[in-house]
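Next come two complexes built around subunit A: one with subunit B, the other with subunit C.
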Partner chain A sequence: MSSSEYYCVPGDRLCPCDRATAGPGTYEKQNCIYASIAGTIQLTTVDQSSNNSDKKPIISVIRQDRSLAVPSVGSLAYCKITNVTSRFVRCLVFAINNQPLKTPCHGRITRENIESINKDSVVCSTKFRPDDIVLARIIALGDANAYLLSTAEENLGVITARSVAGGKLIPISDCQMKCPMTNTVEPRKVAKIQADLTDEVSKLT
Partner chain B sequence: MSTPMDTSSLPIKNKSNQLTSTLTTDYIAGSDLISIEGYRQDGRKPNELRHFRVSFNVVPDADGSCYMEHGNCKLLATIYGPYEGESRSNQEQAIITCDFSMTSYCVSERRLRTFGDMKSQRLQMAIQRVFQQAIITETYPKSQIDIYLKILQSDGNDYSPCVNATTLAFINAGIPMKDFVCSSTVGYIQNKCIIDLNQQEEQQKSPQLTLTIMPQRDDIVALTCESRVHHDIYNEMLDAATRANLQLFDLMKQAVINQLKTVLHVL
Partner chain C sequence: MEQPDECFDPLQFAVDLNLSDIKNVNLDENVFISKGLINQANGSSSIESKSLITQANGSSFIELSATKVTCAIYGPRETSSTSDESYSKCLLETSIKFSPFARQHRIDPLSVQYDNDEDCEESELCSRLEEALLPCILLHKYPKSQIDIIIDVIEDDGQHLLSAIILSATVALIDACIELYDTVVAKSLKTNDSLFTLCYMPNLAQVSCIFFDGEATPNYLDELTDEAVKQCQLLHKAICKVVISDLKSAAALNRKIV
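Our next item is the complex of A and B:
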């Protein structure tokens, strides 16, 4: 990380390709890396123990006052469930990788992508309900209507939800959540988040 | 190149210049477009740009905006996007749309039809094509970016200030671009190339050229020349236009970097 600020504008040539790998805010052309947005140049070194074959640093251009979150394949998406049908679940994606989107995008989780085991015997209404906040991963850009999402991992699934009575549900296992007001247990596909984060999550409405 | 002294001492007559095919006189009696001392009607030298001033973040609701004053031409460029567009076909790239309009008070005679006429439609298509090339649209598949251009005061050519203002608005929005896109006009009057024409100079029936380039990549994006000129003159005009665009690029780059510095100091 450079402490002094190096400003660049789109089209500035930063360095040749063999010195660094192109990170966000840059593009490659003819064996050179150029800046594509206006901002400060940042060089991050890759740790030597990682699995990358090339240990080149990553050069990227950062813009502090603007965060342009782009839904891309493999990124984590925070979404709110809008429809639950027998074959798929529709949701509105409002944040990507901890960055909020300006306007929400539409996403869809098909029945086979909800769980990683016993995929075909899944009943969607026992996994998600409308108005649940769900952490999912974008697996494909999908079609004209929605992005394709998946929760088929341990740490993906419902983060917060409200019970039928209106109380905030507390997770008790990976497939059940309990309402503190009525003590009823409701089935959900629960996201397994670390213990020190449960306090943060319980503060969320 | 003939010295200015010679032209003013000749009696007023139809000068047929062999190198250009214009029929009218190169100067108006009593008011030379380029005076004896080498100054133009508005006091500029032939290779001087008009006064240039930009302001960013003018529309707080938009993703990027830029108010530009280029001489007497004042306009506002606003960018919305990228967002999930209405016509979401299976596209690997972002779609860029452009909407151009003028205010009714932008020219000296009040305009009734401010949008949708031939000139606006052509300008919209031209700007849309230019920026479809300049923006790295593969970053935003299936999304749409809208450009809104509003001319508040017009002084001849609207296309070049629109291109420049749109570039700055895109940079303000943080949308990745391959390079700046700069545009300026050049004319050939009284055997001299003059850059950055205003309305009075444009209305002369002398050769004109509009050049749009990506300055750091040295790529020509668009070039318009509706006059017939000898290719020596043409090459001269092209060189002058390239130099004008590089001057403009320096001003635009300085404005962007100043804005970045002030923003980062506030944070």
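Our next item is the complex of A and C:
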């Protein structure tokens, strides 16, 4: 990756289409790539070994001090559960792809999208409780009220939650969490902790 | 890694151009554009970059002659509208307010009617602003959301108001990091009793809209258009310079903090 000290403003013509692929912060028009935000120009080379003929570098415009998080299909969303019903779970998305949103937006996880197996026998209230912090993936823009989210992956689900007694729950399996204060076991759809997170925890202890 | 041969140095658009130069060319007219203010608090211990309006995503202040305008951008945020159009595209919500002391005659804040009066001047300006900006925003990048543009007119000299409003909105949109096809610049020309405003996208060489109040022959309109396009290009250079110098100072600040 090569970062440059070249600055551009929206509308600046960067290069013709056949020399590079348009990345974030750029758009294509009339066989040319133009900048669509103000920032520094960055060229990323595509890994030569990774198959196909597309060896053009990716040109993108990066803004260091301020980047805009926009909910889009396929991105990871951090959300807080607000309401659990028998058919779906309502939540408030407060961050997208590790970037906080200025204003939270509404999301919804339907019963069928909670687990990847035994979808029909899922009971929402044994998977999520209000105030749980959940990592989910946006699968559709949904209707006018909410984005459609899914936790049907093993690394998606509840990241952190509090028990009835108020203790911070500790995950003990993929569907159970234990309260350290009362030793009661509560059911949850637990997210498989990523490797980098466990490394971080082991460093702390 | 080398950059492509045809890659332009964007700085070539902004070389050797001081705002004072514009002052000379622009027929004794002051142009002052500001995107962000940098506050240096408590000596050297804490340095922070601050926008003009801190709560907003992007903000700007524009001074054209005696006309002074501030603009704040909020969003893109979740829209409350449920129309089909808002589902695939972003909505633009504009609001323009005059300060009580903006004009020669003071507006009594108590006597201003805030109900939806369709033919009041503010809503007229709002619709013109939307007309000028809609062609330049990549609306499809922000589905199900809306962008709020809030403009305060601090002072109005009767000539540059519309162009100042459009310029401030453009600079604030750039500041808010919202994707644009091009930077829209606008120039108002006043002759006798007619007012001509042209909104121009310099890199695409497209006119986004023209407003004209008064009477003129087609030839005269052509002349006005040519003159406005020339002045728009100068304003565009000024905007580029402000935006890039702001980016540079932000980058320098980041380096200091790290």
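Note that in this section the second predicted complex is superposed on the first by the 186 of 205 C-alpha atoms of A that agree within 3 Å, B and C clash if a C-alpha of one lies under 4 Å from a C-alpha of the other, contacts with A are read in each partner's own complex, and residues count from 1 in each chain.
To be clear about the criterion, a residue touches a chain if its C-beta (ideal position, glycine included) is under 8 Å from a C-beta of that chain, and two chains touch if they have at least 3 such contacts.
As the structure is a prediction and not an experimental result, all values here were calculated from the model.
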So, after the overlay on subunit A, do subunit B and subunit C clash or fit? They clash
Looking at A:Ala152 after the superposition, I want to know if it touches subunit B, subunit C, both of them or none. Which is it: first, second, both, neither? neither
Check whether A:Ala22 is in contact with subunit B, with subunit C, with both or with neither, and answer first, second, both or neither. neither
Does subunit C touch more residues of subunit A than subunit B does, or is it the other way round? C
Counting only touches as set out at the top, which of subunit B and subunit C does A:Tyr34 meet: first, second, both, neither? both
Taking the superposition as given, does A:Leu43 touch the first partner, subunit B, the second, subunit C, both, or neither? second
Contacts of A:Leu14 with subunit B and subunit C, given as first, second, both or neither: second
Which partner does A:Cys91 contact after superposing on A: first (subunit B), second (subunit C), both, neither? neither
Let me check the overlay on chain A: which residues of subunit A are in contact with subunit B and also with subunit C? 7, 9-13, 25, 27, 29, 34, 36-40, 63-66, 68, 70, 102-103, 105-106, 141, 144
Within their complex, subunit A touches subunit C through residues 2, 4, 6-16, 19-20, 25, 27, 29, 34-41, 43, 45, 57, 63-68, 70-71, 102-103, 105-106, 141, 144, 147
How about subunit A: which of its residues touch subunit B in the complex? 5, 7, 9-13, 25, 27, 29, 34, 36-40, 63-66, 68, 70, 102-103, 105-106, 141, 143-145
Within the complex, subunit A is touched by subunit B residues 63, 82-84, 88-90, 136, 139-142, 171, 173-180, 214-217, 253, 256-257, 260-261, 263-264, 267
Quick check: in the complex, which residue numbers of subunit C touch subunit A? 1, 3-11, 13, 49, 57, 74-78, 82, 86-87, 138, 141-145, 174, 176-183, 201-204, 239-240, 243-244, 247-248, 250-251, 254
